[in-house]
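Think of it as A, B, C and D in the order they're written, each chain with its own count starting at 1.
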Amino acid sequence: MDLSFTPAEEEFRDEARTWLAENVPAEPLASMDTPDGFEEHRAWEHILFDAGWAVVSWPERFGGREASLVEWLIFEEEYWASGAPGRVSSNGVSLLAPTVFDFGTSEQQDRFLRPMARGDEIWAQGWSEPDAGSDLAGIKTKAQRDGEHFVIEGQKTWCSRGAFADWFFCLVRTDPDSERHAGLSYLLVPADTEGLEARAIGRLDGEPGFAELFFDGARVHERYLLGGEGEGWAVAMATTGSERGLNLRAPGRFMAAADRLVDLYKELADSRGPDLDRRDQVVSAWMGSQAYRWQTYATEARLRGGAPIGSEASFMKVLWSELDVELHATALRLLGRDGERADSSWMDGYVFALSGPIYAGTNEIQRNIISERVLGLPRR
Amino acid sequence: MDFSFSDDQIMFQEAVRDLLANECPPEVVREAWENDTGRTDGLWGALAEMGVVGMTAPESAGGLGMDETDLVLLLEEAGRAALPEPLLEHTAVGIPTLAEAGGAIAEAWLEQAVAGEATLGAGADGGYAVGAATSDLVLLIGDEIRAVPVAGASLVEHQSVDWSRRLFEVDGDEVVLDADPGLAFDRAAGAASAQCVGVAQHLLDATVEYVAQRYQFGKPVGSYQAVKHHLANAALKIEFARPAARHAAWCIAAGDPDRSRDVSLAKVLASEAVDLAARTALQCHGAIGYTFEYDLHLWMKRGWALSAAWGDAAWHRNRIAAALGI
Amino acid sequence: MDLSFTPAEEEFRDEARTWLAENVPAEPLASMDTPDGFEEHRAWEHILFDAGWAVVSWPERFGGREASLVEWLIFEEEYWASGAPGRVSSNGVSLLAPTVFDFGTSEQQDRFLRPMARGDEIWAQGWSEPDAGSDLAGIKTKAQRDGEHFVIEGQKTWCSRGAFADWFFCLVRTDPDSERHAGLSYLLVPADTEGLEARAIGRLDGEPGFAELFFDGARVHERYLLGGEGEGWAVAMATTGSERGLNLRAPGRFMAAADRLVDLYKELADSRGPDLDRRDQVVSAWMGSQAYRWQTYATEARLRGGAPIGSEASFMKVLWSELDVELHATALRLLGRDGERADSSWMDGYVFALSGPIYAGTNEIQRNIISERVLGLPRR
Amino acid sequence: MDFSFSDDQIMFQEAVRDLLANECPPEVVREAWENDTGRTDGLWGALAEMGVVGMTAPESAGGLGMDETDLVLLLEEAGRAALPEPLLEHTAVGIPTLAEAGGAIAEAWLEQAVAGEATLGAGADGGYAVGAATSDLVLLIGDEIRAVPVAGASLVEHQSVDWSRRLFEVDGDEVVLDADPGLAFDRAAGAASAQCVGVAQHLLDATVEYVAQRYQFGKPVGSYQAVKHHLANAALKIEFARPAARHAAWCIAAGDPDRSRDVSLAKVLASEAVDLAARTALQCHGAIGYTFEYDLHLWMKRGWALSAAWGDAAWHRNRIAAALGI
């Protein structure tokens, strides 16, 4: 056990920090949930990719620099500390890419990974349906085989930035007689497919950050099938592992937010005097980000030792999502009379954070997983 | 010691509840979110007609001579309907404060206000006055109460997360009122508490209804023990905040010596209740509650705003600590 | 709505306060969970009864003064504020007596109520069994009819102060073929019955506050059957209503504890300086006691208006039991290095409080009741 | 950055776990609760034989030259077994502090202590020294470190809720050590954190085992979602406290500049974890957990004591706030 960073790791950190300091836009970009902001964020992804920072842990041939997991965690610490923009390509990079690496053919890997990493093709997830939220096995959208094509009928919802995305990764029922987990397939669908319409839904903040997808005879070629036909559930669950685990929310994001919260407290204390009741909430948020940091490095060591990430990813999902809410709620409380103002980054962050305990498997489901799969309690 | 309301009070509450159920459905609240004023088309007039708008004025000034114990149930209803009208600023704070001040300013404004012809605004000094642009006279409550006529005043607007709450910094010619600023502040905080209770109750009711009919994994979401206990926890907070808010209303009306401490008690409990109800409602609804098109957020954001307004939980906890001498 | 106390109520309060000030023992009694302390507490019950304060809300012929519910609440406020001892007869007075009033014959009422109120006969509850805790319908102890007698076989447990009590009120299965809620009866059993042995179990603090009861052919006459044979479940549930509701834990008890907590904070702040993080916990405890007070007075008005206490008693059970734990935990935290000492009344109170969320229906069951019976959520 | 333990460290942990599983079952802990010393019959000797007792001393003094990163896993095991022996006072604090001080006092005591022939006690200055009566030299840690030989000292005993923790106020002839009191305090707080994690883990494991086999209403108590989520919450707290406690151990060993802040982080998380685990364990066990005869309370009370010892959560939160400059 040696919790100091190696000279190579320190060097990597310095390089990232230096590049970010020189390249991060001085002014915040417009919200990525608006059409203009989406394109601004895409342009930022190009810059990141071209400098080799978009997907540091990927193989070089797909635009990465084969960084270790520790280096990726370091990059994330530096990235968020620098105040850099949110990552508009993260759904593709974090949720889809691990599946492409594991289940994609080499043609699919060559076709999709670089454009995804560069933000040339931005991906949105098409899994949820109006009647299948946390209960994904209830998916009804059908994809009937017609020669080399699948013909899709049905409806998807809650596709983040689905109104602007270039591609969707969808879970559909290719065996019409199947039930629950059987008979599903994992299909990649171009946004410009005929018979597919994406309609924006306003998010909590009123911005068109969600879309509903309506499939009415949309034809997709079988080369866009990821994994085997009818094996979509197993393929998707691999992605779910990433979604809940290390790939989605690195501690750096929350460490940076906690540091900003500490700064906010100091700034307000200078002008309004200290507020000791709320100070304790600031300390709690800071502690949460640190606890998450050390737990993540400990998990990295376990993974390096060959252990699977498995159900323990549920621990991380619950922690970061609830930490994120508390952290932003604390900031709003610190702001007092300004807490209700819509034009603050803390309110934006709060609204965003509130989705955390819901998506990617609600935290109630995560707690079921912890109790049943980690602790071994009886399912019924 | 009698915590029961009179038949008249209950009837008044029911009449207002019926009015709001008919005239203030979510579509109407949404209109107020989008329009120029943040207010509804005809609701303030309808409330004036029922006598609600001026109820807290003495009968001699055209009011109903009622006090906070009469008003508290109506404030709960206003919260339950997410009513975007200045019942707090005008009826709970403005009118009794003007009546207390008397003199030329009351002469000039009180009867019009009671009749609903002039609207009174209110804000904490150094904070924002909600709806100042649609008010005629704004009371800024700090170490003293400054009354600022809106005509000729400079107004700087800020956007609230609740789009029906138009936030204004107000600056203009002012008259210092001969009225107790501590009492006026407590009237506002007490009224906000009652509204929080109403908002929280709606959030709970709407969520109970939703989870009873939404199925996941083959059974109603509301049959899962985790969901049940989330909702039971929200119900617990509301169950204990409501009597505290009503007791605070009585303390104000009766001039209880512990008024400030017990208004703070109400505001803490009500703020925490509505905060928990909002979190719980969103979590139990899942993704649909997270959309702008679904109505839930109208109450959620009203709850966030009212919970922070007129002293949030931490501010009032400090005031209680001071009252306890610790 | 008039939340001032009437002149008559104020007079009642003054009378109680004056009597208590003159009569409450200057030194705390020994723990009522020890043999000696039990008898000290019994003697105190005699004094209370003889002065007319033991059961203020009862009819005069049983030793009460027919006080209103508000007056009873006032008495409790004064009682606990005075630092008076715990009530060793409370299981009988709070849990059994309401049932005797509702279901007892007039002979039973005449036989049992006065001695119970005076502490001449102290009662313990014999409901739980090793395999039937929260799930009371799983009761196995059998009472077989033999002429005018019932012959009891089986085992009860968690009888508070059962090693010292004079009588037990028991729930037993009189129909051997019955299941669950059917076929139970409510029997009153003298402690000196042949074939009944009470063995002490140590409570968390090591004191013999619990007992197990072993019935081996214990014969009880049918005149000690409370309510109809086989109707024990309905009879018992009436008692459960009292146990969870107004009768068991009046707000006065927690108001007094919260006041002592505030005093403790002041005392320690004088000697060690203020401690603002912990101050907030003191405020929370004080607020909880006040919230419970106003909710109770509001409930009193509803009851007076003819509403049943019903499932809403579950709200009160959850509130007071969790408040009691937090209140004492806060005190132990305030005590710092002395917090772990066994010889403090706060530690005694903490250990006692910890039983609150468990007994009389765990708080998990109370939350089920709130969600199913008050909110109307589906049972399954 | 490498959070993995070496094979040697894991083997040492397993050896100690096996020893404690065999030699420190609940009956042995109960004996320590009831006897004159609060300690076990042979366990300290067995630990000395394994090298545990003196492991933190330099090899030149007969120790194993190990540091906090080697010790932390053993402290977790000590917590898991509710070991009533002075691993914290003697091995985690006493020996490295004496070694640091050097000079005559180390000359006089260190080798004996390493061999397990003399026992070192420790207490916060103005607080209690646990087990002082069975120690030979007690270190009182405040603004400076005062070493008091027990022979000839006056000891005033107080009863802890954990009967194996004999609490003593110590007063006697003293030597001020030439060692850093802040470091010694952090060693104690860090060791308490690791023990808290172990205690919490046992409480969780024992409860999981109990609720999986206890039936109520026709199914295992552990199949109720409310019980599951209680236990998941306790598991969450432990999952995040453990790496923090191990990181704190590394900070002490490595002389990290943020040592004090990060020891406080560990102590807050570990104290809160064991507090929640104790509450959860009792609640999920129900009445049986509330009895003296059932073993659960041995860990519950150790948890209460360790959570409060060497700075409770509030004290360490304050220290973190100070380190953050707020």
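Throughout what follows, a contact is a pair of C-beta atoms (placed from the backbone, for glycine too) under 8 Å apart; a residue touches a chain by one contact, two chains touch by 3 or more.
The structure displayed is predicted, hence computed values, not measured ones.
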Higher-contact pair (C-beta pairs counted), A-D versus C-D: A-D
Most distant chain from chain A, judged by the mean position of its C-alpha atoms: C
Chain A and chain B, separation of their C-alpha mean positions in angstrom: 38
Inter-centroid spacing, chain D versus chain B (mean Cα positions, whole Å): 52
Residues of chain C touching at least two other chains: 277, 280, 364, 367
Multi-chain contact residues (two or more partners), chain D: 224-227, 229, 317
Chain B to chain A touching residues, read off their complex: 124, 126-128, 158-163, 165, 167, 215-217, 224, 226-227, 279, 282-283, 286-287, 290-293, 297, 304-305, 308-309, 312-315, 317-318
Residues on chain B engaged by chain D in the complex (per definition of touch): 224-226, 229
Of all residues in chain B, those that touch chain C in their complex: 1-6, 9, 69, 204, 208, 211-212, 219-220, 222-223, 225, 227-229, 231-233, 235-236, 239-244, 246-247, 250-251, 254, 262, 265, 268-269, 317, 320-321, 324-326
Of all residues in chain C, those that touch chain A in their complex: 276-277, 280
List of chain A residues in touch with chain D within their complex: 1-6, 9, 70, 262, 265-266, 269, 274, 279-280, 282-284, 286-287, 290-292, 294-295, 297-298, 300-302, 304-305, 312, 315, 318-319, 364, 366-368, 370-372, 374-380
